[in-house]
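A short worksheet on the structure shown next.
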Amino acid sequence: MATLLYSASLNDCIARWREDGLMVFGPSTAGGVSGFREVEDAGSLDLDLVLTRSTLKELFFPRTEPMLGYRIGKQQIETEEFIPPEGRRIIFGVRPCDAAGMQVDDALFDWDYHDAYWFRRRDSSVIFSIACTHSDAFCMCTSLGLAPDSTKGSDVLLRPLAAGNGWKVEALTERGENALSSISSLLKEGGDAPAPLTDVPVKFDLEACRRWLADPENFESRFWKEISERCIGCGSCTYLCPTCHCFDIQDEGDTYQGVRRKNWDSCSFSLFTMHTSGHNPRATQSARWRQRIMHKFNYFSLKFNVNSCTGCGRCTRECPVDMGVTETLQAISTLQR
Amino acid sequence: MSEVFEPKIVAFVCTYCTYAGADLAGTSRLKYPSNVRIVRLPCTGRISPMFILKALQKGADGVLVSGCHPGDCHFDHGNYHARRRWTVFNSLLQFAGVPEERVKFSWISAAEGIKFAELIREITEDIRKIGPFEEYHKLIAETGSAAPL
Amino acid sequence: MTAHNTTSGENIYRPAVMNIVATRDEAPGVRTMRLEFQDPLELEKFKQAYRTGMFGLYGIYGEGESTFCVASPETRNDYIECTFRKSGRVTAALASAEIGDLMTFRGPYGNRFPIEEFHGKNLLFIAGGIALPPTRSVIWSCLDQRDKFGKITIVYGARTVADLVYKQELEEWEKRDDVELVLTVDPGGETPDWKHRVGFVPTILEEAAPAAGNCVAVLCGPPIMIKFTLASLKKLGFEEENVYTTLENRMKCGIGKCGRCNVGSVYVCKEGPVFTAAEVSAMPQADL
Amino acid sequence: MSIQEHYRSRAKELLSSGTVKMVIGYGTGSTPDRRRPVFITSPDETDRLVLDKACRTNLSGYLLREGLLSDQKQVAVFFNLDGVRSLNILAAESQLETAQVLVLGFRIEGEEVTALQGERAADFKSLIAAAKEQRKSQPPHELQEKLEAMTPKERFSFWEAEFSRCIKCYACRQACPMCWCRRCVVDNNQPQWVNTSSHTLGNLEWNLLRAFHLAGRCVECGNCSRACPADIPLHLLNRRMSDEVQGSFDHYPGMDEAQEPVLASFRKDDPETFIL
């Protein structure tokens, strides 16, 4: 026997949570583009998508967010802090790769300095992930040591039932348990069989790649130039990555009043590292692509003992010139050391 | 009682013709609404569409761009270049949904103080009728920065 | 709105408000400002945290923040001095700020010079152009406890005589008999009354440097100068472990989040900006 | 011989004879329906070249890669007619010399891909002239017509909704063969004309400005719309601009390399119906 949530009850669950003052978010499509949006009922949810176009990250680390408002007087500067409100949120229908990305960025945003903008939202959100029963050609979680039913970063894991009429429910954290207890009357007990998980083939040997990346000899390998030759230097792979977290701080307004914002930024952009003097440590697109791969699979894991890639495959899926992490790591796996 | 809406209008003008025309309107004691803030530039050829976007970003309800009549440019052909840019930018703004009343273009010479005063009056009244540029102001408000105009 | 000087301690991106209490034009486009904390609590936090070598983000609301070192030493921590060249949006705004104006400071961040490890040793300071400020904070940290160190030599060069910064302090150091000051300008940069040396820093260094034994070198300058000076130091017999330098990369957060200052896996903002030459050698050189 | 075979062997010839140092074309992508840009420098690799109806990307932007054309050697590029036009504009704007570019021309019509006659940009003059005439009589774009029929307020909300999705990844700019500025206006911060933040206002400003900068330069290759991860119909703005320059100034961008940029030239009798 296991705890079950039937699809037919989902609408009532959402209503219950909303009555309790929670906001409910889930995958939905607007203007042809899928992403996580607040929903009022189950009908607005797009739970059949392999993945949303934009990531879960956006709900925690928006592409632009006000940090401080300022007003400058003669003798003092008044500021207003825009730390996000603690409105509690249920995020329903997350894919395990996206949820795993949350844990990756937790490490970064808590590295000695605790980023309240990230953690207020983390602390007030409950993530309901749904294990994957279908995937596409770009999925590669298994290559990263994850799986279609990974639990990392999730508070509740739902496993679709074979009959397609609901999910087997498993609370993973206390937050998850609490969120379930408020809908306990809508949950059932039963022995319904779960649907088989999707089979995501392993596309590269991660450990071999990491060894190659860690070898200082390879830093200036011709490989980097060849693999990134067609890169046009846009930021779509970074902006659609569930873990990429680089940002810019920009003031808007004037020198009397305005807002200081935290905006997404990308290591793909040529100005990202440009010094005022004109010197640019990463002056070429190949150096920037190397940084992206190195950061994900070498530096980040050295620091935080986790790869900052969860295998969602969006970088390749959305790349205007059909590049991405998969191709690069596949190529590295086959390189002779 | 609701406050009377006073349109905020920014005028980008060339110094040789329209600014002189505005000056003439002033010295001739012609009355025109004080809703317009004049930004003086050397030539209409210097007036980039970015200026118009900046004015709107800072909360303008309307923008006027004005310079010498064709053939009268102090720099010979600055206004001919400007005219092409206006043609293109004007149609872009309209396609983007900026009502045509909000962004206006004109030729006003140094001798046309009356035309200047009348045009300002006309534009101010037109915008007063359609009200504040609420659609744009909503976007400004979302940014959290004030529209200081 | 809450007044800025109520500290919340929560928001890691919120800077402290500083009063500009003094300014000095050092060289064309280069300016030094002395800043005092408006909020005594912020000052206390700074005094607790600041060690020579650390940096901060100096800002003007409406323009942004810019990263440079704290040019004043930990031995004088009631205030902050910074020296910068007017070159971008923020420094342009800072350059036009006046005494009595307000600005912001976020920090101190990064690591420090291990000055207590220098005790009993001879010190060689080498700086080029606008890179004297980070060196200067170490120089004063040591001069303020002069008896703890052996011989102190300062080699400082700039492109032209006008480009030398801290001219008053250079005079002061020159007068002291417990400091050997070697000044140089690039060939062609001298004035008719220039009585010091003419030549590039690495060359002058080879003539003027003290013996490498029991000596620590602190080296700051533009990348090209660093490269050649390191070669000279090697020639003079300095071990890479005894040569300290600072790396300066573009930063937005200063606290290891924004992702742009790393050289290889090293985050300059958290693991730097102070590195030994040995540490710098271990970094991927193409990323510098 | 299929067109693909034809061009593979032509590419092999060009590379083996040393006529060109590189062939920029299309190769297979990560899925069967995808094509990706490839850069062939050895005659042994020419069988990596693919040419079929999925080859949509305008490759001319790659010609401006730093140093590529600085050695005066030639590069061959697969181009449809839009591509040739963008090549002409790049030459007109002094970004390259067409003498260094050899065109492997093709046309996609429905399922069919055919070769275009000629190998030099100037060889396509009459085809481009025909395309100009054809554009005048092209059927109106459905969504564009719908938009034109709306009230300004409705149009504004349409674009507001579209631009609200923009994430400022600048894929439109990076994919655009005409966006060759070393430093884009949005990256200049003294003064900061356009908000860099990706709120709707900043997005609107950015997209309008980009459309303006492309007026009279856009060849409607569609790279921007295909690259946009937010599916914003950017081509509509560009298309509207193209209508305007063609209607008002009879300007069809990229006719030849001597064509004057439309916003850097004028006629004394240019229309001005809207000027008071």
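We just call them A, B, C and D in the order they show up, numbering each chain from 1.
Criterion: a residue touches a chain if its C-beta (ideal position, glycine included) is under 8 Å from a C-beta of that chain, and two chains touch if they have at least 3 such contacts.
Just so it is clear, the model here is predicted, and its values are computed rather than measured.
Participant: When the contacting C-beta pairs are counted for A-B and for B-D, which pair yields the higher total?
Facilitator: B-D
Participant: Find the geometric centre of each of chain A and chain B from their Cα atoms only, then give the gap between the two centres in Å, rounded to an integer.
Facilitator: Spacing between the chain centres: roughly 45 Å.
Participant: Let me have the rounded angstrom distance from the C-alpha centre of chain B over to the C-alpha centre of chain D, please.
Facilitator: 34
Participant: Counting in whole Å, what is the centre-to-centre distance of chain B and chain C, each centre being its mean C-alpha position?
Facilitator: Centres of chain B and chain C (C-alpha means) sit 50 Å apart.
Participant: Once you find the CA centre of chain A and the CA centre of chain C, what distance in Å lies between them?
Facilitator: Comparing mean C-alpha positions, chain C is 39 Å from chain A.
Participant: What positions in chain B touch 2 or more of the other chains?
Facilitator: As it turns out, chain B has residues touching two or more other chains at 143.
Participant: Got the chain D residues that touch at least 2 other chains?
Facilitator: Within chain D, the residues that touch at least two other chains are 195, 197, 199, 202.
Participant: If I count partner chains per residue in chain C, which residues reach a count of at least 2?
Facilitator: 88 - these are the residues of chain C that touch more than one other chain.
Participant: Going by the touch definition at the top, which pairs of chains touch each other?
Facilitator: So the chains that touch one another pair up as A-B, A-C, A-D, B-D, C-D.
Participant: Can you check the complex and tell me which residues of chain A touch chain C?
Facilitator: Touch list, chain A to chain C: 67-72, 75-81, 83, 108-109, 111-117, 216, 219-220, 245-251, 253-256, 258, 260, 262, 265, 267, 272-277, 279, 281-282, 287, 291, 294-295, 298-299, 302-303.
Participant: Please output the residues of chain B touching chain D within their complex, sorted ascending.
Facilitator: 49-50, 53-54, 57, 70-71, 77, 80-81, 83-100, 104-107, 119, 135-136, 139-140, 142-143
Participant: What does chain C use to touch chain A in their complex?
Facilitator: 1-5, 8, 10-14, 17, 38, 60-65, 87-88, 91, 93, 102, 104, 222-223, 248-250, 252-253, 255-265, 270, 284, 286-288
Participant: Considering the complex alone, what residue numbers of chain D touch chain A?
Facilitator: 29-31, 34-39, 57, 61-62, 66, 161-162, 165, 167-171, 173-175, 183, 187, 195-199, 202, 223, 226-227, 229-231
Participant: List the residues on chain A that touch chain D in their complex, please.
Facilitator: It comes out as residues 30-33, 53-54, 63-64, 137-138, 229-230, 232-236, 238-240, 248, 250, 252, 261, 263-264, 266, 269, 271, 284, 316, 318, 320-324, 326-327.
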